[in-house]
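Letters A, B, C and D mark the chains as written, and numbering starts fresh at 1 in each.
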Amino acid sequence: MGGPKHEALATFPVVIDVPVAWGEMDAFQHVNNIVYFRYFENARIAYLAELDFLCEMEQSGMGPILAATNCTFKFPLAYPDTVWVGAKVIAIGDDRFTVRHLAVSQRHQRVAAEGEAVIVTFDYCGKRKIAVPTALRQRIEEVERNAGAR
Amino acid sequence: MGGPKHEALATFPVVIDVPVAWGEMDAFQHVNNIVYFRYFENARIAYLAELDFLCEMEQSGMGPILAATNCTFKFPLAYPDTVWVGAKVIAIGDDRFTVRHLAVSQRHQRVAAEGEAVIVTFDYCGKRKIAVPTALRQRIEEVERNAGAR
Amino acid sequence: MGGPKHEALATFPVVIDVPVAWGEMDAFQHVNNIVYFRYFENARIAYLAELDFLCEMEQSGMGPILAATNCTFKFPLAYPDTVWVGAKVIAIGDDRFTVRHLAVSQRHQRVAAEGEAVIVTFDYCGKRKIAVPTALRQRIEEVERNAGAR
Amino acid sequence: MGGPKHEALATFPVVIDVPVAWGEMDAFQHVNNIVYFRYFENARIAYLAELDFLCEMEQSGMGPILAATNCTFKFPLAYPDTVWVGAKVIAIGDDRFTVRHLAVSQRHQRVAAEGEAVIVTFDYCGKRKIAVPTALRQRIEEVERNAGAR
């Protein structure tokens, strides 16, 4: 994770390295579209780990559910390459928050894709949406503040 | 493909059957989010096959590129289930067209997810976007007209 | 699942239909090798469902663990195609049993791949291998006997 | 790739780092079996890159085909972890060579899985097996010799 990253990722609190796998390319010789969502998920999970959200889930039964996601493809990734994938919360609502994702090719030093994911806070025991807990909201704000101050 | 399908798919010219694989579920015991995009792709490819788009591509060097895609998750799929996945062109632009997707659980007779994909017509030899060919546009319109008239 | 199948599958108690997805092809324009193991897994899970093994697992904490698997590739699958995938128990040991798999292309009416999987019966609570329960052994024998008698 | 690795990998000329993705876990909360074959493939492709085999393929039409592969699972991988995955040629035949793979958990410093892959040298234009070219054989022997001498 260390070392200088692409400026487009400057304000992203979480940026992970993902090596492109040869087998992730499809018959068009480019990384298949669904794999970008795996890359985004990887960064999102790393972000949730920063928040201790997944651990807390095991204790409280409260956890994240993905409500929607999207991706805009800028240029096609191919093997060999390594991708920086960023995650950053850009909005917090009553019962959800929005994560912005960026995938940057290290080989080409270019943004390959960008997208968003809407995560709903969910009570897995009660099977219903719940308000974003105050402690979680504060932790997100803290993580984002630290990223902005770097 | 035969037999009655869910009414939400009534106007979709292409609807395929996709069995949910046990291994497509993740640690939350639900089909992982990236798999929905595979389901959508399956239906989109079946639609392109209807258009003879992929065959033509081999001859002309002209082909589809996915520019953007999104998915909204309505309720989580799980194994065992089979999903009807629909594809339907809802807009044709100068150099692109938009496909709408629907994934309907046969077990629950409910829409599990909906989404869209924007496909750009691309000259793979010249490496540039090209206008949607007239013949392709007419073929899409015909396919959609037939679906509406069923 | 109905209808006549390839003779190579005659003695397989479980045979499922798996549509090949376009996106399962890799840059060599053939279905990527890891996907065959997903096909095998699909048939294996269907077999375990026949045994009510997965349901029982939830009650008893006893379940299957995959100890080893292999695949020999006969000829490369490609989209479009549908594959019959068979599962058949060929040996039962003290704490394990061996499943034989076959993947047959419907388009080419040829065996595309064959392989095996060794499943260990495992006590997930106690975290140790356990003897194959007598009831499970009898159920497997019954399933195989019925297949042979068809 | 730098830095000390597990001793089990000492004689492996190619060892790559693969981060485990959360989404690679299945409903049993462990990395799904097919993913191990993706890990193996990643290391195998890196090995072929060392040999300049894939580049040569574009020029000569000669390339690798996977004829068979297997994996024995030692203990289950889970997120978060990073895996060292090794590739090492252990036998060269007339028209094929055998690659041995090892996947070692960095978190647990233990071998998680081991396996093999048999690669046939194939003339993609003539659609037939060909003898392993002398230059390729020498390059493999050189790569393995250098690994042994480290």
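Simple rule for what comes next: a contact is a pair of C-beta atoms (placed from the backbone, for glycine too) under 8 Å apart; a residue touches a chain by one contact, two chains touch by 3 or more.
Small disclaimer: the values here were computed from a predicted structure and weren't measured.
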item	value
Comparison of A-C and B-C (more C-beta pairs in contact)	B-C
Chain A and chain C: spacing of chain centres that average the CA atoms, whole Å	35
Separation of chain B from chain C, taking each centre as the mean of its C-alpha atoms, in whole Å	29
Per-residue multi-chain contacts in chain B, two or more chains	22-23, 32-34, 38, 41, 79
Chain contact topology (line, ring, star, complete or other)	complete
Residues of chain C that touch chain A when the two form their complex	22-23, 25-27, 29, 32-34, 79
Of all residues in chain D, those that touch chain A in their complex	16-19, 21-23, 38, 41-42, 45, 49, 79-80
Chain D-facing residues of chain C, complex	28, 32-35, 37-38, 41, 63, 65-73, 76
